[in-house]
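Before anything else, here is the set of structures, which you'll find just below.
What follows is chain A paired twice: with chain B in the first complex and chain C in the second.
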Partner chain A sequence: MLKVIQLDKTYGSNKHSLQSVNFTAQPGEVTAIIGPSGAGKTTILRSINQLIRDDSGQILLDDTDIRQANPAELRKIRHHIGMIFQNYNLISPLTALENVLHGRLGAKSTLAGMFGLYSNEEKQEALELLDEVGLKDYAYQRCDQLSGGQQQRVGIARALMQHPKMILCDEPIASLDPKSTKIVMDILRRLAKEKQLIIMINLHQVDIAMDYTDHIIGINSGMIVFEGATSTVDDQVLQQIYRQADPQAVTANEN
Partner chain B sequence: MIENSQSKPNMMRPTAPTSNHISLVTTPRKILCGVLAGLAIITIYSLATLDNANLNISDAFKSLGTNLNAMFLHPTVGQDSWSLLLHALLTSVALAMLTTILGAIIAFFIAVGAARNLAPTWLATTIKSVMAFIRAIPTILWVLIYSAVMGLGASAAVVGLTFHSVAYLVKAYSESIEETSSDTIEALKASGVGFWAIIFQAVLPSIIPALLSWTFIRFEINFANAVAVGAAAGADDIGYYLFMAGNFYFNFHEVGLIVYLLLGVAIILEVVSMHLRSHYLDHN
Partner chain C sequence: MPFLSTIVASLFSLVFAILGAKTTTPSPILRLVIRFGASILRNIPVVAWAMILLFSFKQSDFTGFLALFFMTLGYLTRAFTETIEDLDAEKLQALQAVGANYFQCVFCGVLPEAASTLTSWILYMIENNLRDATLVGLLTGTGVGFLFDHYFKSFHYDAAGLIVLLIAILVICLELTSNQIRRAIA
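Our next item is the complex of A and B:
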């Protein structure tokens, strides 16, 4: 279980980007963070694995406070947190299989990591994971020759290769067409149930959040304005989440 | 208040013309015109005050023709043997190859420290400034400096050439490294991957085409430098025989032959590099 308590983050002098953020996310559930652009969705997600350092608060993953970890412990914790990105962030000249294997680099010694020495079982597992996301035939394809949806699925397989407790998804479908969006969201929802993962997704698309997630966190101006089951979200709640949204800021960040 | 909704400071925006008279002549353009005019004046002045030292133009051209004829239409081996010259040529190629490979390996590790997306800014800036300083001094001078330290000979040539190659390649490599997207690096960092694994598994595969291409260009430069350096440091390579034939024995026939040999190697290098490029590098 992921438990975030009283998370605070200020940029510059007194601009709050996160203010007393509290929420919990359960294994086996897909949790969406929604809200207007600039509200702090990405800041929350990146605070969880400390890509962004926050000012105060607690982030408890199975009762370990990630914020208190020293660099070596943080690397270990990060190894069990998968992350997928809007732009996939694969190493494009490498094959899909090699990119999936990168999920194991965090568990390796410096030398084995440098030279990319993988055991046969690891290669076998990587192939199985590619099969799980429907890309077994593309194992030896260079990643820059795959479509966006396929690259995102390679990204998911790479995250699974880490044997994660949790997967963080930063706008995973913002660059995808509707068909790929459906495939990717279906996979994420299935994985949460089958492997009992905590899955957290930043989303711009409210309709996708309503269709595919179990739990919704609504955020506005760095504060949580709604937290609850997706089934309890109605128009009034959405209006509350998106209130005061500056239309210019939204369009500027949407692409 | 939402962060994005605040208007951006507009200090970078050029101010719109206010008066009725709208001029298209901006300050950068004025500076450019000024510099060009200055250079033109210097050129005219130096041409007008040229000291021709009572040179007879027609005689000068005639002896130039004789010398060129001797060099390029009647090349011979001169007082050295074919095997000696070919061996010396091979020495030059070996010198270029050795210094390029040594330089490339050393430069890669330094470049990691000089890339702004991997290293802290103070370290990157320091390394880049030191390398810029080393690069600003020509290779030949470094070889002469090392000759003074280590004595004339091949070792001074190797160290001097490597030294300058490192400075050159660090700049090229670190700029290639900076072009790899910080997002892909962040993706691996987020999964707990260590620094050197990121370098060798993520950064290196992305920039190998650029690295190979820079390294090969440096190899060509090093070959040209090896010839020049051979004469200066007495490294017993083709440059040394070129220097002896031209400045000591005045054997222009041999100079011509050596120039043809160098030209041959340069053409071979060019063909190899084109081949490499089309077959291995341009597959992106």
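Our next item is the complex of A and C:
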């Protein structure tokens, strides 16, 4: 279980990006974070694996506070948190297989990781994961030759290679066409159920959030304005989440 | 000589560039030192390098090697640094998020992403140094520059002309091959 308590983040002076953010996310559930641009969705997600350092609060993953970890511990924690991105962020001249194997870097010694020395079991597992996301035939293709939807699925396989407890998805479908969107969202929902993962997704598309997620967190100007089951979200709640923010606060959050 | 000095210099440049690029530097102070050092090496003309080094190493191949080496080191460090800084920082963040440490990020992320641009720069530098080698040779009394000087001053203009022609042909051939290589790795 992921529990975020009183998370605060300020950029510059007095510009609140996150203000006392509290929420929980359960294994086996897909949780969406929705809200207007610049509300702090990405900041929340990247605070969870500490790619962005927050100012104060607690982030408890199975009762370990991620914020208190030293660099070596943080590496271990990150190894079990998968992350996928809007721009896929694969190493494009490498093959799909090599990119999936990168998911093991956090568990390998420095040298073995540097020179790409992976065991046969690891390669076998990577191939199986590519098969699982439907890309078996593309294992030896360079990633820059794959389509956006395919690259995103390689990204998911890389995250799975980490044996994750949780997968963070930062706008995973913002650059995808409707068909790829459906494929990617179906995979994510299936994974949450089958492997009992915590899946957190930043989304712009409310309809997708309504269709695919179990739990919704609505955020506006760095504050949580709604948290609850997707079935309880109605027009009134959406209006509250997407209400026009104070223009000054929006600029502050985008900085 | 131009080949050897370019290859050796590019190895050193790569290390300096990784330490000096904004995205991969371990410390901002080191970054400043490297940028400053590279700028000095680069901005002293190769002719000046050759003449300065003549005092220490006399007329030898090594002098020519060093002159080309220093200039190339300065130039490539700058070019490599900018190549690395132009990479998408998010891709490296993605590797950090996986739990990769600094060296793994550099070897699994930075190097593969930058490889084709870096190779391009090295090929360009070899072409450049082949031309400069004539000049350096003239000054240090070694290599092809020395031959040219020798024939020229003993009034063998036919042989001297042939040497110039050969250098030109060699440079053009090299340019064509390196274009091929660039296309193959792009």
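Methods note: the second predicted complex is superposed on the first by the 244 of 255 C-alpha atoms of A that agree within 3 Å, B and C clash if a C-alpha of one lies under 4 Å from a C-alpha of the other, contacts with A are read in each partner's own complex, and residues count from 1 in each chain.
Criterion: contacts are C-beta pairs under 8 Å (C-beta built on N, C-alpha and C of every residue); 3 or more make two chains touch, one makes a residue touch a chain.
Everything numeric in this text was worked out from a predicted model, so none of it was measured.
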item: Joint occupancy of chain A by chain B and chain C, clash or fit; value: clash
item: First, second, both or neither for A:55, with chain B first and chain C second; value: neither
item: Partner chain in contact with A:17 - chain B first, chain C second, else both or neither; value: first
item: Touching partner for A:194 - first (chain B), second (chain C), both, neither; value: neither
item: Of chain C and chain B, partner touching more chain A residues; value: B
item: First, second, both or neither for A:38, with chain B first and chain C second; value: first
item: Partner chain(s) touched by A:83 [first = chain B, second = chain C, both, neither]; value: both
item: Touching both chain B and chain C, residues of chain A; value: 49, 51, 75-79, 81, 83, 85, 87, 89-94, 102-103, 105-108, 110, 113-116, 158, 162
item: Touching residues on chain B, where the partner in the complex is chain A; value: 1-5, 181, 183-184, 186-194, 196-197, 199-202, 205-206, 208, 284
item: Contacting residues of chain C [partner chain A, same complex]; value: 88, 90-91, 93-101, 103-104, 106-109, 112-113, 115-116
item: Interfacial residue positions of chain A with respect to chain B in the complex; value: 11, 15, 17, 36-39, 49, 51, 74-79, 81-83, 85, 87, 89-94, 102-103, 105-108, 110, 113-116, 144, 158-159, 162, 168, 221, 244-246, 248-249, 252-253
item: Chain C-touching residues of chain A, taken from the complex the two chains share; value: 49, 51, 75-79, 81, 83, 85, 87, 89-94, 102-103, 105-108, 110, 113-116, 158, 162
